[in-house]
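Alright, structures below, take your time with them.
Two complexes follow with subunit A in common, the first pairing it with subunit B and the second with subunit C.
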Partner chain A sequence: MDKVMKNKTAIILFMLPATVLFVSIIIVPIFMSGYYSLLDWDGMTEATFIGLDNYIGLFTSRSGGFVKSLRNAFILAGLSVTLQLGLALILALALAKGRKGERFFVTVFFIPVMISTVVIGQLWMKIYNPQYGLINMALRSMGLDNLTRTWLGDQDTALLAVFIPLLWQYVGYHMLLMYAGIKSIPTSLREAAKIDGATDNQISRYITIPLLKPVLQVCVIFAVVGSLKAFDMIYVLTNGGPAHASEVPSTLMVSRIFLRNQYGYGSSIAIMIIFLCFFFAVLIKKAFKTEVD
Partner chain B sequence: MKVFTKKVVGLFLVLTLIMSLTACGGNDAGSTGNSTDTDTSTDSGSTDSGSTDTDTDSGADAEDVTLTLWSIATESDAFNPAYTKAIADYEAAHPGVTIVHETFENESYKTKIKTAVAANDLPDIFFTWGGGFSQAFVESEKVMPLDDYYADFSDELNEAALGNATYNGQIYGTTYSTPVSLLFYNRKMFDERGLTAPTTFEEWKEVNQAFLDDGITPIGISVKDTWVLAMTHDALTLKSAGPEKVHNVLTKTSGSYNDPDFINASASLVELIEMGALIEGAAGLSNDEASQLFYNGTVPMYITGSWMAGSIYTDSETPEDFDLAPIPVLNDANAQITDFMGGASDTLMVAASTKYPEVAGNAAFELARSVSKYAYLDGAGVAAWNVDYDESDIKPLVQKVAQNATSATSFTLWFDTLMEAGDAGEYLALLQELYIGNLTPEEFAEAMADQLGQ
Partner chain C sequence: MKKESKVGKNIVFALLCFWTLVQIFPLYWMFTFSLKSNSEIFGENVIGLPKEWLWENYTAALTTGNMALYFMNSFIVTAGTIALTIIAALTATYALERMVWRGRKFANNMFMLGLTVPIHAAILPVFIMLRNLKMTNSYQALIIPYAAFALAMAILISSSFISGIPRELEEAACIDGASIYGIFWHIILPLMRPALSTIGIFVFLQAWNELMFAVIFISEAKYRTLSVGIQNLSGSYTTEWGPIGAALVIATFPVLILYAFMGKRIQESLVMGAVKG
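After this line comes the complex of A and B, so read on.
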């Protein structure tokens, strides 16, 4: 094993296929997008070089909608970290205690992650349907007719209505990560605390969660980055509508490129998303580092 | 025993994986989420690739040719039977040529075709919308000019019908129907209240009020599929400003959108919204869902393209209850009741990258001719090509559509395909804001004028 590690040629050779794939599929297109974002181009005809005008337009154009979409993405990120991760943590702690049917529940909670986002979107569209959807029917049967709304079509409710299935879908994913993390904490620590008279809650607060910090860091990064990139659920449910109420950067990018033939502008949105994801990943890593030490 | 079961299970899983891989490998037609009907690869029953030396067409192509055709005629689309029959006819007339038909849902097709053009991934023949929508395709030189092929068919298809497929004086596509926007209404519900189809905006408001007084929301519409809202707004704008003005302003030839006639149209739409005439929840309903409310008699009116005539026969249980009328006039100084939104928008184009230009160019026209005939007989569309076949079987609603279309004094393409893509996108976005109430009609007109650079 040591011989392989020290043999430079071997290292390079074994890493070559993966590196080639990574560079060609991820790095090169990013640079190409970066170049396209400096153009005024519709993807089909001639391109004109306009430098940073696209980026300036992103933030200053009144009808652009990018700032609003960023705001929505940040709201989603905030909700993700608080609601989604909070729920996932509670579930993981509850399940890791070692009660009956633990494996079964872990699997059940993980099922939404495995179902296609599009399928979940279609399902929730039927739940939100103003005429025969589950929510409105339930409200009507309880006599709360005035609370019924067009959940996906009303400016005020569309954003939250779109976020709920999104948050719901990935709770299981984060729960699984945390569950695995909790399981890897040596039980001797917990037993020692129990002997000293700690309650379950105190054990969770003072022992499990602090030791779970690396896993939590990973989960937070995934949650935030995933929220900035979120696309399919929103596209299926509202496509960013009505009137940009539920627009996120990725849906804005798709509508700009395919509806308005503005490939250059869309590419600049793509580069901004990449940059923001990177920025937040580094920021979160730093934030956790000071605590974990 | 345990090892044995493990091996069996493992083998079973591997087989499942292999089967699922091969099953998915076959049809590579993509289709995104919204549609319940995905893609259909229809190889219209032509198994005679064995017939060898038949000289098929003028191209003298003795070997087997396969052409790929993309369209939006999915199984639930009114044009699907017409396409299938057209392909069958073509393959029977041209043994040795097979047409593979791939279909996609309307909205997602707009994305698909633009990607294909940009990525040089076009099929031999593809459906698109004439006017501003395909302008970039032509400018990018990825589409083949079809003037030579049209020459063979010029006596069967009026050149005026190809107006929206002509760019820079050259014909780039062929068409098969001239749909128009119409006000479809439930005549039974009208008769029950002694109402007749409105011809002016004032009459229309009275009709709406009559239904509202009865507790019925009069007009069905979809705002989620914004093109449906656009159809109503387009029609109001046309009937307020008149065809010449609309065409000049939207193609940026002359004039400005910030004009009293345009503002009047948008204000009229807002009037309808504020009186509660449009169904609630339209912003969350797709066109299919909203149309259902019309077919089952919940709402009495729906403005959309003439293809609904065909759908009424297939999707409603009581088609004889329905009737249609031209859209009411707002300003009779500018527009007449016989000015129509619509025209030959559905276009079949041929990719410049096709391996069989001769066959494909000819096929595009022959297919269009057949689709024109069958779609008309089915009631899905008004024939753009000359009609030299028996029309007596055609259903009453469709005959009425044809009568309206032939009596038209003008056709104006729907705005979202008339304008070029950037302007069209902004138009639809602003329309949503107008509907919600974020913009007043004056602000809407200003924003549109801004976008059009006027």
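After this line comes the complex of A and C, so read on.
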């Protein structure tokens, strides 16, 4: 048995497809991105090595838009953690108690998660349409004409208008994770508390939510990291505009690299996105850990 | 006391019904406007069922809108990605979990790094590689990167399934003189079947809906996937809403069919993937 399990040729053969894929598409490109980020390069002519100038430019240049995109990503992350996770938690707590139609609600809330973000984005573009969209038509029919706007084209509303479809699409996902988490808590704990005279709110506050911490940690990480690398919805709805009002790092990266051929500058944005994703994932894990101790 | 909790219950129920409406209404609106003419959508009949069911919108989307082609492309790319991911993940998982060699812990940790790496990291270097190999505008330009990024989750899922298979089965086969390949093919693979559907669900949702790579790596209409195709369609059909609605419904349909048949299983898979990752 041991000899069979140490068969070198078999090990190499079994590992080969995965290793080739992983190394050539993930590992090597990360290092290449790291190297490109140190260059001034348009992808065609000779590249010049400029050290950390791209990174310095990210944070000092006002017209570059990176600081603004970062600010927007943090706003999205903040809104996601508070509004989206808050709503998801309320729904999960309401459903997991076991009520009529529980399965139906869970199933329905999860439908948007399955649908492509492009489809959802296009659909919301129609909803936001200034002339014939549902929102402005509803406002006009209520005589609130002065509240109608070009939601996606207005610098004041663009970011929020992008956030709402994101919330709408992913509430169900977080709700499902929390719901499954609550369901896995032994009911005896809640029953015991009930016998001791605890109210529903107290049970949620002192028993369910503390025991749900590991799931909440996962949800917070997904919400924050997801906002930092958000692309699809924003690309479809506004592509970062107007005037960077809804710009996030990924849309900025794509337009810098593929529209303006700034390969070096764009790569430095890519490296920042990777760094921030790892940094916040670790930070959130640490924060949850100290709270448990 | 009892009455109060009943009022509370009704409030909660009302909240759930309200949120159901919020989630369903836009989708309902999408289905209905895909069958309407502009004059109905723009004022005559905004939220009602279509007065006249314009199936021509679907014909327009499928033919002049090229949705039939894009649908086929998405299907080929998704199927290819699922196949490649499953082959690479299952063989690697077997070597990582059951076979004995130095460095397998390290290799496993490396693969798990893939759970956190965003696809942005790779987009420019992979694009340059594809361009140098003259491989942009092909199915493999999407299949290979999609499979690479799906790999970490696929290995994670198969590891948790493989650890439930008792080693005695392999030992018995070994005593009977089976080779390592025989053990993998005849013992492990058949028992891993439940893992396949979980991996398949994950990869399907990722590949079917992916946008960033598809936008960048594919410029020819011939290889466009649904997500890019819809983007293009809405750019060229700005005035007619019906065919766009039809295109959105066409892209959504397979996902909803899958969900209707395997809803519970999909939910379980996604929860499992999230909690483990």
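One rule holds for everything that comes next: the second predicted complex is superposed on the first by the 266 of 293 C-alpha atoms of A that agree within 3 Å, B and C clash if a C-alpha of one lies under 4 Å from a C-alpha of the other, contacts with A are read in each partner's own complex, and residues count from 1 in each chain.
FYI, a residue touches a chain if its C-beta (ideal position, glycine included) is under 8 Å from a C-beta of that chain, and two chains touch if they have at least 3 such contacts.
As the structure is a computational prediction, the values presented were derived from the model and not from experiment.
Trainee: Of the partners subunit B and subunit C, which touch A:Thr45 in the superposed model: first, second, both, neither?
Mentor: first
Trainee: Once chain A of both complexes is superposed, is A:Val236 in touch with subunit B (first), subunit C (second), both, or neither?
Mentor: Once the two structures are laid over each other on A, A:Val236 reaches both partners.
Trainee: Please work out whether A:Val254 is in contact with subunit B alone, subunit C alone, both, or neither, and reply first, second, both or neither.
Mentor: Both partners, subunit B and subunit C.
Trainee: Pick one for A:Tyr263: touches subunit B only (first), subunit C only (second), both, or neither.
Mentor: Both partners, subunit B and subunit C.
Trainee: A:Gln122 in the overlay: touching subunit B, subunit C, both, or neither? Say first, second, both or neither.
Mentor: Both partners, subunit B and subunit C.
Trainee: So, does A:Tyr170 touch the first partner subunit B, the second partner subunit C, both, or neither?
Mentor: neither
Trainee: Give one of first, second, both or neither to describe whether A:Phe66 is in contact with subunit B, with subunit C, with both, or with none.
Mentor: neither
Trainee: Could you tell me if A:Phe280 is touching subunit B, subunit C, both of them or neither one (first, second, both, neither)?
Mentor: neither
Trainee: In the three-chain superposition, say which chain, subunit B or subunit C, touches more residues of subunit A.
Mentor: Between subunit B and subunit C, the winner on subunit A residue contacts is C.
Trainee: Check subunit A for residues that touch subunit B in one structure and subunit C in the other, and list them.
Mentor: 43, 118, 122, 131, 232, 235-236, 254, 257-258, 263
Trainee: Could you list, by residue number, the parts of subunit C that touch subunit A in their complex?
Mentor: Result: residues 5, 8-9, 12-13, 15-16, 19-20, 22-24, 26-27, 29-30, 33, 41-43, 46-47, 84, 87-89, 91-92, 94-96, 98-101, 107, 110-111, 114, 116-118, 120-126, 128-129, 144-145, 147-149, 151, 155, 170-171, 174-175, 179-181, 183-184, 205, 208-209, 211-212, 215-216, 226-227, 230-231, 234, 241, 244-245, 248, 251-252, 255-256, 258-259, 263, 266-267, 270-271, 274-275 of subunit C touch subunit A.
Trainee: Which positions of subunit A touch subunit B when the two form their complex?
Mentor: Result: residues 42-45, 63, 118, 121-122, 128-131, 150-155, 232, 235-236, 238-239, 241-244, 254-263 of subunit A touch subunit B.
Trainee: Considering only the defined contacts, which subunit A positions touch subunit C in the complex?
Mentor: 1-2, 4-8, 10-11, 13-19, 21-22, 24-30, 32-33, 36, 43, 90-91, 94-95, 99, 101, 105-119, 122-127, 131-132, 134, 137, 168, 172-173, 176-177, 180-181, 200, 214-215, 218, 222, 225, 229, 231-232, 235-236, 250, 253-254, 257-258, 263, 266-267, 270-271, 273-274, 277-278, 281
Trainee: For subunit B, which residues are in contact with subunit A within the complex?
Mentor: Subunit B residues touching subunit A: 32-34, 110-111, 114-115, 117-118, 136-137, 139-140, 142, 223-224, 226, 280-285, 289, 420-422, 424-426, 428-429, 432-433, 435-436, 438, 447, 451.
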